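Every chain is named by a letter (A, B and C) in the order it is written, and numbering of its residues begins at 1.
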Amino acid sequence: MSLLSESHMKPLTRNIGLKRRYRAEKRFRAYGLIAICTGIFFLGALLWSIFSHGYSAFWQTSITLPVRLDAAVIDPQNRRDKNPQVLITANYPILIRNALSEKLSIAPDDHVGLRQVNRMFSSGVRVQLRKMVFDNPQLIGTTQTVTVLAAADIDSAVKGQINLAVPETKRKVSDRQVEWIHELAADGSLYKAFNTGLFTFAASSRPETSGLGAALIGSIYMILIVLALSLPIGVAAAIYLEEYARKNRFTDLIEININNLAAVPSIVFGLLGLAIFINFFGLPRSASLVGGLVLALMTLPTIIITTRSALRAVPSSIRSAALGLGASKIQMLFQHVLPLAAPGILTGTIISLARALGETAPLLLIGMVAFVANYPRTPMDPATALPVQIYMWASEAERAFVERTSGAIIVLLMFLAVMNIAAVLLRRRFEQP
Amino acid sequence: MDSKLKIKMRGLDVKVFYGGKGALHGITLDILENKVIALIGPSGCGKSTFLRCLNRMNDTIEGALVTGRILLDEEDIYDPSVDVVELRARVGMVFQKPNPFPKSIYENVAYGPRIHGLAKSRTELDEIVEQSLIKAGLFNEVKDRLHDVGTSLSGGQQQRLCIARAIAVSPEVILMDEPCSALDPIATAKIEELIDDLRRNYTIAIVTHSMQQAARVSQFTAMFHLGNLVEVGATDTIFTSPQEQRTQDYITGRFG
Amino acid sequence: MSVSGVILIVLVFGGAGFFLSRARARAIEAHGAKMHSRPHYYGCWTCLLIVLPSLLFLFFWNIGVNIYAERQTLAHISYAAGGDIERSDSYAPLQRILGQKGIASTRQSENYMVQGGIELAAGIKNLRQAGAFAALLLSVIGFLAGFWGTKAKKRARNRVERVTLWGLIVASTFAILTTMGIVLSMLFQTISFFRSVPLSNFFLGTVWDPRFSVMALEGMLGRFGLIPLLAGTLYIAFVAMLFAVPIGLFAAVYMAEYATPRMRGIIKPLLEILAGIPTIVYGFFALVAVGPFLRDLSASITGGQGFIMAQSVLTAGLVMGIMLTPFVSSLSDDIITAVPRSLRDGSLGLGATQSETIKRVVLPAALPGIVAALLLTASRAIGETMIVVLAAGVAASLTLNPFEAMTTITVKIVNQLTGDLEFNSPQTLVAFALGMTLFVLTLFMNIFALYIVRKYQEHYE
């Protein structure tokens, strides 16, 4: 038995191209890794782009200063007892301008300066002071400490988003204004605070006074409607198809239908909503009710599909056991099978709701691209939705709106993250026996 | 054991762990050239695990760990310098369930020669395919439909196709993991006949559940139990006068 | 009394009926009678009797009233206008009903319309009141029938279960109803669109310019050419697939065949995040990041004017490709892992390397499933809206240059239907014709994909 027997030599004489084949193997593996890295790179780029643009939206520059509610400005002819209208039409921004120019010691005849002072604060102060004075006319003539929002450009400047190296004429903030910002910031009357307005304000043409309030309410209405409609109907349909329906042409048709509906472009559902709910049933345009109905129809197929697979996962021994004890089929389903399938159904439902929350296209067609300045009080009122608000802000040109849009996207993504994490936790919790 | 026979493969204290749990507890076993050795034993005794060590198919299983040495022509196949692709080209394998690829009969057999670049021309490849099919005793049945899908054959034919596929690479050793367990008696008989024919050119190790099959096809038999090698010897001896009580019990059907 | 008020009353009443009937059943049981069903089934039965007929009636009554209103208004207007208005214009009057609710009004309103509107509103109000009253009456009758019918021998459980079963059946038809709703709603509008615009103008036209001014110039025909929109849609989808398919497939192969469970556990959720991000976010990303980046990149290459426009086929396609990657990868991953292990073993046992096994055995075996997955992905690319609305542009041009802007069917649907609508004009109706085209296009792709999947499943069962 020699070591170099003929059979030992055999592999050496047989060339099976190992080098080349291992190079190909390495290449192939590298392609896979590159593909995954590309995907993750884009995820990173997307999130980074959104967060770097948007995190500053959660802070808002405000100015706190003593304001004399001068009767000579608000109600020069002293008619407010007879005619409350004067309190509505009064020129409130002047009060702030005076207070601010006094603080910055600007001469009353420096008209250019005064105009620039005027552009320091948001013109939303008109509404703010009007409400303050209207609610409590006693304040007229007194001096109150008032916190007002800085104008969008000033806000951008404070956040460092305006390039001061650009010549003064080509940027939106003048050198004097920059000086004032430093002066006010030094004594603490100009500062950045958490931007509650982002969550409470409704639509506005000024970036600093526009917020997601109305959109959030609209989205909540719609999600509740989707939940109330598509969960029961979807579960019922899934139970019928999975547990009762015999396999025949009709159920086959339903099955193909459901699978197809799950893949129909969302915008087509918008056309359906417009033609059926608005034109045929005469429901109001822009209402969250219509939006909810459309999204419910969209979510239905997904819920049916996930519920069916959850039902299929329930072991048949449970069914036999229940039937064997004399339960009727309905009792067996509702008392034994459904509770066991519930975690799966809920997980699927939460994920579909998250998808519905981010859906935009169909809502555009049913008129939810509306300028909604007031909170919708019922689902029949004109409303807008979180993703639609993002769309509308995305179409605005101003820098401050880019920031708001990114901020709104962060809010939306947070909602989605919470929902998806909830779904994952739910699944984990029930997967462990 | 007979000293004029050449040892083709040899396992030395082979231990296998699956995820930390021991599945084989130190097997030392010789496999002789141009003989059929049958590995028998009750389910879960480690006979298939040992077989899969012989061409390192255990590498594909997550968390499997093999220790000890396995020699093929005196060379340790678990040595880092040994290439697993080359090893498997020398030690082919036929599986429990027939697993033809979803390709034509021709392509199934040509697969191995193609990836290893064994044929230099189309005619050479045709030759290899034909020879392999002839050796597997399948050629006459399929010569008119070489381009039909492999899965269109019957179970027994599929298994013989898998054997032809293994032969086409011209391996030195063929491992068979219960090749007849999914087949009917007639197909089984054909495969057994084939194994006997193949013995002339190849060394064969076959895992089987059936004592009769072991007796019919093998010259040597190794009895496994609970991850240990109980007894090994010439098949006649094992079946007529086993040395171990456990072998006796298994052969007579007291457990299994 | 408002509709929602009536619904609320009926529901409260139904709840009361449940408790009363259950109490009655319990009382009978306490007297020693052997009840057929448990008491709460009697409660349920009464509740169903109260709620179901009444709400069903209310629903159909209100639909009827709406249809009646539309007919009446139409009759009124065609009478006043000298019978010139055709049936196809029936949406204009509907708009008046919307107007009464304080929503968008017609462009031109005439005096006769006001009078008609007032009369009609009064009539409809009366009809609705009558309906509400009848619904309440029905629920009272239901309560009496249910409550007095609570007797020991009544098979309440069987009845409740039969109604439940019917409920399940009705629920399962919703999918069909939705499809029918989609088809019918679009079909009618599409037909009325083709009454004013010839088929050839739409399907063969190469110019898209549906403005009113153009319509006047062209003698009421306008330019409703589908070709540039379809070309843009397919081009952008093609670019997106060009990007998503290799990345998605290779990622799937790597995850299924090479990655350790630990690595897979990290990568898979990360890619799934990409799938969970709403498309509006991708659109915004394209608008503020990718578009300007590509424009600046091309500008720095040429050193002057960039050759890539910020809104371009490339921008939209690239971002859509990112969005589609996780779809391709997760669908393909499922399909690749479904290929039986025995095939891999067979190939590896012959001495094939892992990549040879994947390329020559696993992928060919998974091919039908992968093709189906790609079809579904392509259908999603064609129907995608928000990314193209923000990133592709609105110019309906026919070009092969991927650096220029093109527009898509979905963009034009959004353009034609946002803002002030006038329902009977071809400008609005064309959106439905476009929607129909989109629906039919994706329907074929989906059905074909589903067909392949089904055949493929049978193959392995």
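Definition applied: contacts are C-beta pairs under 8 Å (C-beta built on N, C-alpha and C of every residue); 3 or more make two chains touch, one makes a residue touch a chain.
All of these numbers come straight from a predicted model, not from anything done at the bench.
Asker: Consider the two chain pairs A-B and A-C; indicate the one with the greater count of contacting C-beta pairs.
Answerer: If we tally the C-beta pairs in contact for A-C and A-B, the bigger total goes to A-C.
Asker: Find the most central chain, measuring centrality by the gap between its CA centroid and the centroid of all protein CA atoms shown.
Answerer: Per-chain C-alpha centroids ranked by distance to the global centroid put C first.
Asker: What's the farthest chain from chain A if centres are computed as the mean of the Cα atoms?
Answerer: Farthest chain from chain A, going by C-alpha centroids: B.
Asker: Taking the mean of the C-alpha atoms as each chain's centre, how many Å separate chain B from chain C?
Answerer: From the centre of chain B to the centre of chain C is 57 Å.
Asker: Rounded to the nearest whole Å, what is the centre-to-centre distance of chain A and chain C, using the mean of the C-alpha atoms as each centre?
Answerer: So the centre of chain A lies 20 Å away from the centre of chain C.
Asker: I'd like the Å distance between the centres of chain A and chain B, where a centre is the mean of that chain's Cα atoms.
Answerer: A distance of 61 Å separates the two centres.
Asker: In chain C, what residues contact two or more other chains?
Answerer: 351, 353, 356
Asker: Taking each residue of chain A in turn, which ones touch at least two of the other chains?
Answerer: 16, 21
Asker: Could you list which residues of chain B touch at least two other chains?
Answerer: Within chain B, the residues that touch at least two other chains are 85-86, 89-90, 115-116.
Asker: Applying the document's contact rule, which stretches of chain B touch chain A when the two form their complex?
Answerer: It comes out as residues 6-7, 33, 73-75, 83, 85-86, 89-90, 115-118, 172.
Asker: Considering only the defined contacts, which chain A positions touch chain C in the complex?
Answerer: My answer: residues 16, 21-22, 24-25, 27-29, 31-36, 38-40, 42-43, 45-46, 49-50, 53, 232-234, 236-237, 239-241, 244-245, 253-254, 256-261, 263-272, 274-276, 278-282, 284-286, 297, 300-301, 304, 328-330, 354-355, 357-361, 364-365, 367, 369, 387, 390-391, 394, 402, 405-406, 409, 412-413, 416, 420.
Asker: How about chain B: which of its residues touch chain C in the complex?
Answerer: 55, 57, 60, 62, 85-90, 92-95, 97, 99-103, 111-112, 115-116, 162, 165-166, 169
Asker: Under the touch definition given earlier, write down the residues of chain C that touch chain B in their complex.
Answerer: Contacts found on chain C: 261, 340, 342-353, 356, 360-361, 364-365.
Asker: Please give the residue numbers of chain A that touch chain B in the complex, ascending.
Answerer: Contact set of chain A toward chain B: 1, 3, 5, 7-8, 10-11, 14-18, 21.
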